[in-house]
Each structure stands twice: as structure tokens, then as C-alpha cells.
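Comments concern the structure below.
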Amino acid sequence: MVRVTGTPAALAVREVTVRFAGLTALDAVSFTVEPGSVHAVIGPNGAGKSTTFNVLSGVYRATSGSVRLGTTELTGLAPHRIAALGVARTFQNLALPPYATVAESLMLGRHRLTRAGFVAAGLRLPSAAREARLHRDRVREIAGFIGLEEELEKPAGTLPYGKQKLVELGRALCMEPQVLLLDEPVAGMTADERRRVAAVVADVRDGLGISVVLVEHDMGVVMRLADAVTVLDFGRRIAGGTPAEVQNDPAVVQAYLGTDA
Amino acid sequence: MATLEIRDLSVGYGPVRALRDVSVDVPAGAITAVLGGNGAGKTTLLRAVSRTLGFHRGTSTGTIRFDGRRLDGLRPAQVVAAGVIQVPEGRQVFARMTVADNLRAGALGARGGRRTTAAALDRVHALFPVLARRAHQRAGLLSGGEQQMLAMGRALMAGPRLLLLDEPSLGLAPLMAARIAETVQEINADGTSVMLVEQNAAIALRLATTAYVLDVGEVALSGPAGELAASDEVRRRYLGVVDETAAADATRAVDGPSRPLSRWSA
Amino acid sequence: MSEATTAGAKAPGPGRPLTASLRRPRTHLWLAGALLLLALPFYLDRFWLQAGLFAMAAAIGAIGLNLLTGSTGQLSMGHAFFLAVGAYGYCVLAGESSTQNGHALSGLGLPTWLAAVLAVLLAGAAGGLFSPIAGRLRGAYLGIATLALIFIGQHVLFNAGSLTGGFNGRPVPPLSLFGFTFDDTEVVVAAVPFQSFEKLWYPALLALAAGAYFARGVLRGRPGRALNAVRDHRIAAGVMGVPVARYRAGVFVLSSMYAGLAGVLLALVFQRTVPEYFGMVLSLEYLAMIVIGGLGSVAGAVVGAAFVSLLPQVLTHYSDSLPLVSAPGTGGVAPGEASRYLYGAAVVAVVLFLPGGLTRPKKPGENR
Amino acid sequence: KDGADADRSGVRTGEGVTDTKITLGALTDMTGVYASLGKSVTQAQQLWVKQTNAAGGICDRQVELTVRDHGYDPQKAVAAYTELEPDVLGFPQFIGSPFVSAVEQRIDGQDKGVVLPQAWSANLLGSPYVRVIGATYDVETINLIDYLLEEKRITEGDRIGHVYFEGDYGENALAGSRHAAKEAGLTVVEQKIKPTDNDMTAQVSALKQAGVKAVVISAGPRQAASLVGVAAATGFDVPVVGNNSAYAPQLLATQAGPALQKDYYIGASTLPVGDAAKGPAALAEAYTAQYPKDGLDNGVIAGYNAASVFGEALEKACASRDLTRDGVGKALLTIKDFGADFGVAHDFTDPAAPSTRQTVVMKPDAGTPGGLKVVRRAEVAPAAESFTAKP
Amino acid sequence: MTTFIELLLGGLAIGSVYALIALGFVVIFKATEVVNFAHASLLLAGGYVTAVLHDDIGFWPALGVGVAGAAVVGAAVEFFVMRRHRGSDHSVLAIVTIGVDILITTELTRRMGTEVLSLGDPWGDGVVTVGGITLAQTRIAAFVVAGLLITLFLLAFRHTPWGVSMRAAAENPQTAALMGIRLGRVSLSAWAVAGALAAVAALFLTVFPTPGLERATSFAALKAFPAAILGGLDSTTGALVGGLVVGVTESLATGYQGDLSFLGRGIGDLAPYLVMLVVLLIRPAGLLGTKELARV
């Protein structure tokens, strides 16, 4: 079983192509996420960013190409296997059970780290109880870390949009990932909240050494957080490099940022 | 010309008080921005106007007038019939219907006849060419931003007199966000009043003539957009000129995570 | 939304002194209830005991269905099929080969307790066999696909004569544990003659308690959370590391095993299997139970089961003393009809007025 | 169990019998698939009770009938039996043979009360307490085929179709037709159906193609009507014979009415209720007087007949001063040629055999009340004499 | 060979009746995403009204009233029950309809008692004979009507605002309301339409070759389940295809049960479900149903 600790590995995307009836969402895209770095993937709407995430997390199967985490081949693995390897993600459109409390949603994140099966849980084996206690405490820690303690017992559905996005981030963190895929984490947040999330992400990288793949339209956040940037347009990689390089790349400006940005 | 007057509006979701005595005016033909943090009650405010609180077991008191006509007490469909159209938060496209059918659904509330509808459709396609290209794709398969465009276009199909926008630029690329901003201005120029809920305060205050700031359910500040844009409070919390400082802060991690998180080992 | 989620609030743990105080009066209630149940056979007559046994069997089955439909969101109308597997499985495993009315019946003649256990496993296996389909389909499609099981089941029950006894059904060998046989031979306990029902009461009670305890544990624990996740958002569940297909199959098997246990118990009460019994109506009744009681909760399943299976008995028993209801043959509303009215109305009304079922208040902050 | 005690007059009594009252149970179906049968049987038996009590009751006791409607639901049926069993002497009515066999163990084992099921399945034979009144379906079917042979509608070498219900009714009847076929050198083309099938088109075309010369139907009235109707409409005119459960007078009002009256025959172990003979006539009159709204059908006779058999047993038991279940059981075993005024004499001395092997052949007829008229008085086919269902 | 053709045609004929019933399910499902187990009872209601009236006011008027009556019952169900439940989970709603079904069916069967009611249709037991193969006129009528109605609804769903609003309301009530769609009206109309369809189906389900309307008629309606699923619950054409497939399967399985007897006799009722299972294994959303999409 995967140990969460241990040297983080690089995430290598090679020549990944994804086709849907009639359109090519990703066209031979390649980039590498260095361990413990924040790698931003940006591009116009419909460029293929979420699709990339869907491939990385096993939701979509790449038509061709390969994705590697360290030495492990991810392509073709089922989502839960990829999760087991320590790849966690958030969703662009929220995917939270509306009635479950935040605490429960976060506990779900612990799934891959816990063992209790039907029998253990059904018979309330001490091992299961111990496990549960241990992980609830960790969940509380993480909630504290992203500032959700007060909401722990509230049903997620009643939280405002921004908070719900935080819960998603928390749930992903609860998976103690090696690689964290964030799909527009600060969308729909105020400056304050963006600042907080940005700080969280930075901390995750610096404090926990987790590699982060970040899809975000807020250039400010991207430019300052990202160690490297990959730019997609119409499923093709049109530019890449350090934020600075990318920002001044005419192709990027033309396709994505627009002159006034 | 249409004006929206909200007076002493209070909204509760069961025990949760979401809005307290909020009064807002959306003058005819103007763009009015509503700012506020998460949970401030912006969406709730729009829900109250469009009478869709019921879907969330929400209850409201206070009066809402549109052209002097009471909206509170009406059914959502009647509000739409009056020409008040809301673009819901978080896209809410009809995922299993085609893009084209989504737009047709938008036109259901239109007051004009076939011709106006056709015209509206052309305009939407002009604004968002991708919607024309994807006319027969199921909306659920669109990308987040494409869905946002569809939500916007769908609302325009109804030929609104008052447009309620809940974070229209959410998840849009800068270029597209700018495009939306122009669009809003155009629509407004054609005589549609707009009530704009935006997180991107910069855009919002640039577009709006007047603005309100909601804080945990109450109007904290209000006034001409220009003045607000100048006020420190707003500058720090909402403009905060995020784009410059946020990440800077982040790297320094001031007022960031309440407690540091240690690595999990088990 | 389910035990699992409320568990968050209830589960004991640091920082929740409140629950501790909550527990005490609870436990007292439980004890009182338990004592009452244990004492019943000494006071109730056979009719009520039998009714109670039916209710307990139903409760066990309903718990299983609730795991599947309530907590995992997999609509199943094939529950009766798995009940049948349990009931007939027990008969075949425990029964001796024999001939009756010219039908040759084959049986393995295993020790009855072993047969009971194996029958439950058999039902589980049957569920496992169906999981390729169960894992594929969703919602209404799954519901009606499982309906097919009922028809297959009925067909087999009627046609596989040598195993099922065809339309005659099979005699059910009485259960015997440690040399004690739960049959109709009279044993006098504290001046009360104990016959099969009195005797069966206790194993049934035990089975129900065990079943409920187990299910509660599952729902409040890691598996329950995973199941809810599968129900609420399949893709997200997968991404969170939940092997969706395996859990769907797993819960299908588990719920089939509950059905199997219920089937064995029913068989023991009936003392003879009746193929007609395991039809679609039965499946629908089980669905009604979990909705009336409350989707996704163990208590809900039990309460719903008691309600649905006891209602008709009460009505027919007191038909003469009830208003409107008139004895059959005298015109007017027959008790049978009256109970159907009530039961139909109950299903509708409960969902109308108590969206969470009899056992749970309305879900908080319901939106959509 | 049997707290048998003697009353003043020295009559031993047990469950369901007090000094003033004899309580009998009826487990019927008024809300399920056999509702029409259940209604008639129950009302007829309530009529019998009324008459008996008016005539002074039995053994100076009033007779009371406790009715439970199980709506053809096994669980309810078994529950109802458990409920009534301790408080009744016996059951002159128990509809639904699957349920009867479900409790048969208990009846034979401990309860030992006489049960007269309104079902004619040979599987019920053999118990000293569960006694079938009339010819079982297999015997009835043999007699019906015999009628066709006698009428020269079919002859050796012909094929006959048999459309039958899944379940004991149909399959018991099938055993009969197979036996008859063997005896007469016929071949049976089988078509099994389920009670939910209402459209016999497919069956008819199959039988037609198989070139059958006659059809036996052991199903419900609806299936019979559909079968006969389709056969007639598609010019497939062969005689159709059905068991007593395969007909209801209501059918005459339907599209199939005319066709049914053309070439369809029903067998039963009683005269039709509309018959001129004094037994049926008197009953029909009394019944219509009692229940003017409700039509007459053979359920009425079946029910009344069963009740009076039980009554006879009670009388005999009373005579031998033993009104316990035991006594009634014994008494029943002594009853010979009883109930001839309904056209067939019954003999209950042999638990292993039906109370009669005779069958009356009837024909639908809108003219007579009850919608049936006799075409052949009670007879036993030679093949039926020899036949025994159980090996 | 003629057996085959005769069975085939017979199957198609009865299949078109199933198609009519299935269409009822489809309409409700499209409008509310609820599987309507109460459909059988609507069917019973429509048939009952027609049956009790035709003697006095003649068949066609009676049928008209019957259709209207069933529509009203359907609307009532929506208004008094389903409307109050809007927002509950779909499978819960499905179970609610079971409750409704029990209520209505019990009431009707109580009224019907033990009668076998004729609907007094004009076709009687008339048949058409083509090349030695006979078909009941009623079935041909059913075939035509089913074809017409299903095309009608296909067009309605595709091209009328009603169709669009129905699908929109089904998928996301709140947003639909924001489009000015009157949710109440939409689902009310859907239920009314379903009721009307049920009444029509009731007619063809109870006329010759079946004896008439009585308490067990509603069981026959069950056969529309595999039909609706087979074709795809949200597809009108699917209803037709599914109905026909079920009809033919049933008819052939019955007709050739002699040759299939190794499976045990009387697989006529079972066969459609087996076919359904096979289809679902290959196409989890039925032959023509829209498959549920996976996009996050």
C-alpha cells in the first residue's frame, strides 16, 4: 500500500490526447509537474484544463498518451486506484453531498487511508473504532488549517458557494495527497478569501511538500503562486515556462489574457 | 423605465438568518452592483427578488417593488413574465438538454414573438460563438466557462427588462470576463436595468453606477460606485487589489491558515 | 441524510461531552424495551406472536433493503427474490430427500443451524451473481431490472420441482440448536406452554438485534460513508478513492444476505414455503417499509417493517370493533381493503409530512 | 390442548364450542384474485348458518361463522388461520389451496380440526381432516374428456390442447388429461399460462397449428373467455371444455358471450345453481332473497354444500355426544351419499379419495340464472374410476 | 412458418398495446424523472369510467369521458400528492406512486367488485384475415392508435415549448422556474396526459381478445415496465420499440413453449424480462434512452 510520506514523485504528462465524438479536447499535451511545486495550467474556457484533470484523476480515459507519477503508470487506472496512489482533486462545479455534514465529507477524504471494511465496521472491532477516532482528530486539524472548524457540523448544502469550495479543498487535503489537483479553487471568492486560499495552497506546498496542479483564471493568484505554468488553447499546449515568461508570451496574451490584463 | 425597490427585506432559512432589513434600489436603466463576502447574502437577495427562496425553504419579509408592482407574493413565473430574469449562481444549465434547447428554454419566458426570439438568438450567438458551434451538444458536456456563457445567453433569450446576474464572470478566462463586462454594458445601454452580484469587485465597480456592500446579511456600505471604489474598507476587503497582493501575502502567509498543518504520518 | 452522516454528531469522541449525557436515558429506554420484548412470549397468544415474528423477519429484510436503496441509492424491486433464495435454500440444505404428492424432493439434510447459515450465504452469492447488472444500472433502470429477478424467481420456484417442490412448496424442517428443536412439541416454561412460535421468538429477536447492530455499525463507519458517497456523487466517490463498483456489488451482496436471513426466518414461521408469497407485491411492501420508516436508517427500517406488517393484522383482528370497517361478506369496506387504504395512505402521507420517515425529522437545509 | 369437557347433556366439547354456541371459521378471499368465488361461497355459508339457526341450530347450539379475508396473500392467510384456529371448531371454508397445504402439517399434527377447502386439487387428498368436497380437478378433467369422446367430438389418435394455470389447479388437471389421453389414445398439446395472462391469441394460434381437435382449459374465467372468443373469431371451431373454476356467469355479458354459449362445456361436482332440481332451485331462491344485488354462480352451491356437509358432521357428532374436533372428524368419516339433492352424492369415508368421482357437464346459457345449464347429468368415466393421482 | 408469422403479428399487435401503456410511463418520466407505478391504476380508472358509462351514453362519448376522467385522476394525483413532494428524491417519489397506486386500485376494485366489465367497443370480436393469418380488428386499431400517438408525442416533445419546458422542469425545477416555466402546470399537464393515455391503453387492453375490464386488469399493465425500460425510459420511440419487442417475445415464447419446454413451461411472461436484462447489459439506458453522462 502507498505510504503517504516518502519522497514525493514527479507527475509526467506525455502526449496525452482526448477525443470526444467530433472534437479533440486534448491534443498531444505534455508537461511535467516537479515534486513539491505549484504547476499552473491556464487557458481560455474550453481549452481542456478540466479534461486534463479528468485524465489525471482517471475520470476520463486518454485516447492516447501516458501519465506517470514517479515510476507508476496512471493511464488506464480506475479513479480509486489513482486516488490510492495519492492523487487528490477538487471539482470545478462543486461535487459535495448537500445534506452530509462537512465533517462527514472530510472523513470521506480519509477513505483511502483507513481500512475498516463491512465486517470490521459492522462488528465495531476495536481496530475500526481506534481508526475512526484517530482520523476524526486529523480531520479536525485540517478543518482548522483551512478555517472550517465552525462549519464542521453544518450540512454542506447550506454553506455559501465560497465556503463549499473550501470544503472541497479540505476534502482533498484529507486524502493526504502527494499531488493535489485544484480546479479553480478561488472562483467566486472575495479578495480576503482568495488571499486565505492562496496562503493555504502555498502552505500546502511549502509545509507539506505536496505538488499542486492549479487551474485558475485569477492571474494574480496564478502568477504569484505558480512555479511553472502550462498554457492550453483548444486542447493544444501553446506555451509553458515560468509565470513571467508566459505572461509576456504574445500567443498567451492574444488567446487568453487579453491586452488589458 | 423599470426600477426595482427592495425595502426592509429579511430572509431566513429555517433558523439561519441570511438577510436583515436590507433595502436596495436598482434605478431604471442603471447597473447596480452588490458586493459581499461569502455568505453575505448576495445570492439570497437575488433569490428573494426572483421568488425562488421557496426552493431552499427560505422565507422572506419586506416588500419588493418592480415598476411599483409588488413582486413579493408572486410566483417565479410571474416575476419572469414581468421581465425580471435571473442568471443563477453556478451556471445551472440543463445538462441533459442540448445547448440549443437550453436557449429555447430561456426564450420560454420571453414577452416578444417569434421574430424577437430569433433576433435574441442571433445576438447570443454573436456574443458567444461557441454556443452556435456546440448547438447540438448536450450542455452538461460543456466546459465550466462555456456553461457560464450558456447561462448568460439563456437569460438574454428572454429579453429581460431587469437582469439579475449572480457572479457572471465566475470561472471565466480574463478575456471572456472582459467580454461579459462589455456585454453587460451593451445590454444595459439597450435599456435593461442590471443588478450585478460580483466577487470580482474591480469589474463590478467599474461597470456599476451605484453599489451596495452586504456584510453578513446587512447593508454595510452603499453609494456611487466611484466613491465606494475609493473607500479604504472596500479597497482592502473587496478590491484589495487582490491581483497584486494576494499571492504576495500568500508567500508571506500572513493572516493565512489559522493553524499550521503538520505532515500526516500513520 | 443517513445514519452515517448523523453519526458525525453522535459518534463518541473527544470534544463531545454532550453525547455522553445523551446516552444515559437512551440506554435505559433500550433496556426497558429489550425486557418487554423478551417477556412477550409469556403473555401474547400465538396469533400475535406469529405477527411479531413476521414483523421481525420483515425488519431484518428491510434493514438489508435500506442499506441498498436508502444508503446507496440503488432502487431494488427484487428483494423478494433473495428472500426466496434464503427460504428455499434453507429447506433444500436442511431438508431430507423425499417424495410428496408424487414430486421427488431433493435435500441435503444438513444440520439445520448450518443450513440456515449457508442459506444466508447462498442469498449473498445470488446477490453477487446479479452484481454485474447491479453495478451497471442506475435508478429506475436498476429498479425494473431487479423486477426481472422476481419473475425469474417465480418461474424457478414453480418449475424446478425437485428443489422447490413446485406449487406445493416444501415443508420447512424446524430449526434445532444444541439439541433443542424449535418445533411445535410443547415445552412448558413457567406454566406457559411453549410451541414453535414461542420458541422461535428468541432466535428471531437475536437475529434482528444482531442484524440491526451490524447494519448500524456499517452505516456509521467507513463503509457507510463510502456507500453514501456512491449515492450522492458517483464520480466524486471514485476520485476520493472509493472503489465504486466493488462497493455497489458489496452492498448488493450484503443486502441480499439480510434478505436471505429474513427468508430463513419467514420459512421457519410459515413451516412451509409458499411460492406465491415471494412475488412483486412483497418487494413493493419492503420498499414501502423503508420509505415509511425512513430511508437510510436502521431504526427506520425496523419501524417501517413493524408498521407495514402489523397494520393488516391489527385491522383484521379488530375489524368488528373498528368504525367503517365491516366484517367481510356484509358489504362495506372489508378489513383487507381498509388496511390497504391505510397502508397506501401511510406511504403517501409519511413522505408528505415527514420527508425523513417516521424515525427522522426533516433533513436540514434541504435544497434542490 | 383439547380441554375436552362435557356439558349438562353430556356432550363432550372442545375448541369453538360452548354450551350455547358452535363457532366455525371461514378463511376466504374477498379482495384478491378469487374474490368472486370467495364472495359467493361466504354469502352462501352465511345463508346456511342463518337457516340452520332459524331451524334451532345444531345440538341446541347456535352456529356462528367467523370470516377472515386474506385477499389471497399467503402471510395473511396463514396469520388468519393461526388467529382463528384456537377459537373455532373447524373451517367449512378455506380458499387458496397453497395456503391450505401451508398449514396442513399443523392441521394434521396438532390442531386436528376439519377443514373443507374450496379447492379441488388432488394434492389436498390424504388428510383425514382436510377434505375435498367433489371430484378433484384431475378426475373432473378425465370426465370432461370422456364427454367429448362420448359425443364423438374426438376419437382415438386425435390431439387435444390443454391450456392450464401454473400451480396446483392447472397441473393437477393436466395429470388428469394426460391419464385420459393415455387411456383413449390421444395426445395432449400443453400450454401453460399464468393467472396474469388475459389474451389467449398466441395459445390459440399455437394449438391451431398443432391441429388439435378439442381444447381443455384449466384456468380462470377470463382466460377461458379469451380462448373461446379468439378460437371462434379466428374460425378455429373446436369444442372447449373447462374445469369448474374456468367459468363465471359475468362472462356472458362480455364480447365472448355468444362464443361461450356455442361450444364450451364446464364440469363440476354439483348441479348448476340455476338448475330446476329442487336442491339448487330452493337454494337459488333463498340466496336471491337474501342477497338480491348479487348474481348467482356455482360458488354459491359449492359454499352451501360445504357448509351443509359440515353441518351433517356436526349433527352426527352431536348424536354420538362428542362435539370435540376429534368427534367431528370421526363423524365426517362416517358420512356416505350425502347431498344428492345437488346432483351428486358425496362419500367421506376414504380420506385418500375425493368425496366423489362424478362430474356434471354443463354449458353456458344466458337464459338460466347462474348462466349454466346441464348437458350431461353426473357420471363417472371409466378412466376416472381407476385413476389415482398419487403414485 | 405460418405459425411464426401469425405469432409475430399477434405479438406486434399486443405489443402496440404495451407500447401505449409504456408511453404513459415515458411521459411522466420525461416530465418528472419519476417512474410512475400508479400508471396501472390510472389505466383502471379510465377503463372503469368508460365501462360504466357506455351503456347510457354510447361508446365514443363514454370513451371521451373515460379519457377525460383518467386525465382528471392523473391531474389530481399530481396536485394532491406529487406536487407536495417536489424536491424529494426520485426513487422516493417512485415509491410514493406505489402508495397512490394502492389507494386508487383498492378503491376501483372495491367498486368493480367481481364484475367483468365490457367497454362496449365497436369492433366486437371482428377479425381481419390475410393469407390464412387472422388478426383481431381491435389489435389493428391499437397498432394504428399507438403509432399515431407516439409520433404525436415525439413531435410534441421535440418541437413544442411544452416539450422543452417539460424536460427543463424535470431536470432542474428551480432553474426552470427562473425561465418562467410554471412547474405546477407542466407536471400537472404531464400527469393529465399520462392519465388520458392510460385510458386509451385501458380500452385496448380490455377489448377482445381479452374478456373485459376487471380487478386483475392492472396486472397486465405490468408488462409495460420491461417495454418502457427496454426502449429507454425517456424515449417515446423507445416506448414503441420496447412495446413491440416485448409483445413479440412474449408471443413467440408462448407459441413455441413446446419447443422451449426445457426452460420450464410458461416462460411467456418471463421472456420479456430476460430480453430486457440482455439489452440492459449491453445498453444500460435501454435501446433508445439517452445515456447518463459523466462530466465533472
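Side notes on the structure shown:
Letters A, B, C, D and E mark the chains as written, and numbering starts fresh at 1 in each.
By definition in this document, contacts are C-beta pairs under 8 Å (C-beta built on N, C-alpha and C of every residue); 3 or more make two chains touch, one makes a residue touch a chain.
The shown structure was predicted, so the numbers you read here are calculated from the model rather than taken from an experiment.
Between chain C and chain D, the least number of touching-chain steps is 1. Compared on C-beta pairs in contact, A-E and B-E come out with B-E as the pair having more. Ranked by how far their CA centres sit from the centre of chain A, the chains are topped by D. With centres defined by CA atoms alone, the chain at the far end from chain B is D. Distance between chain A and chain D, defined via averaged C-alpha coordinates, is recorded as 74 Å.
The geometric centre of chain A is 42 Å away from that of chain C, both derived from CA atoms. Rounded to a whole number, the gap between the C-alpha centres of chain A and chain B is 27 angstrom.
In chain D, the residues that touch at least two other chains are 31, 39, 166. Contacts with at least two other chains are made by residues 50, 59, 91-93, 95, 158 of chain A. Residue numbers of chain C whose C-beta contacts span two or more other chains: 158, 235-236, 239, 337, 340, 364-368.
On the side of chain B, the complex with chain E involves touching residues 50, 52, 55, 75-77, 80-81, 85-86, 88, 92-97, 101, 104-106, 108-109, 138, 140-141, 154, 158. Those residues of chain E that touch chain D in the complex are listed here as 2-3, 6-7, 10-11, 13-14, 106, 109-110, 113-116, 118, 124-127, 129, 134, 136, 207-212, 214-217, 219-220, 222, 250-251, 254-258, 261, 265-266, 268-269. Across the interface of their complex, chain A is touched by residues 294, 296 of chain E.
Chain C meets chain A in the complex at residues 1, 4-5, 7-9, 11, 13-15, 213-215, 217-218, 220-226, 228-229, 232-233, 235-244, 250, 254, 363-368.
Residues of chain B that touch chain A in their complex: 13, 16, 35-40, 43, 89-91, 130, 141-149, 167, 170-178, 199, 201, 236-251, 253-266.
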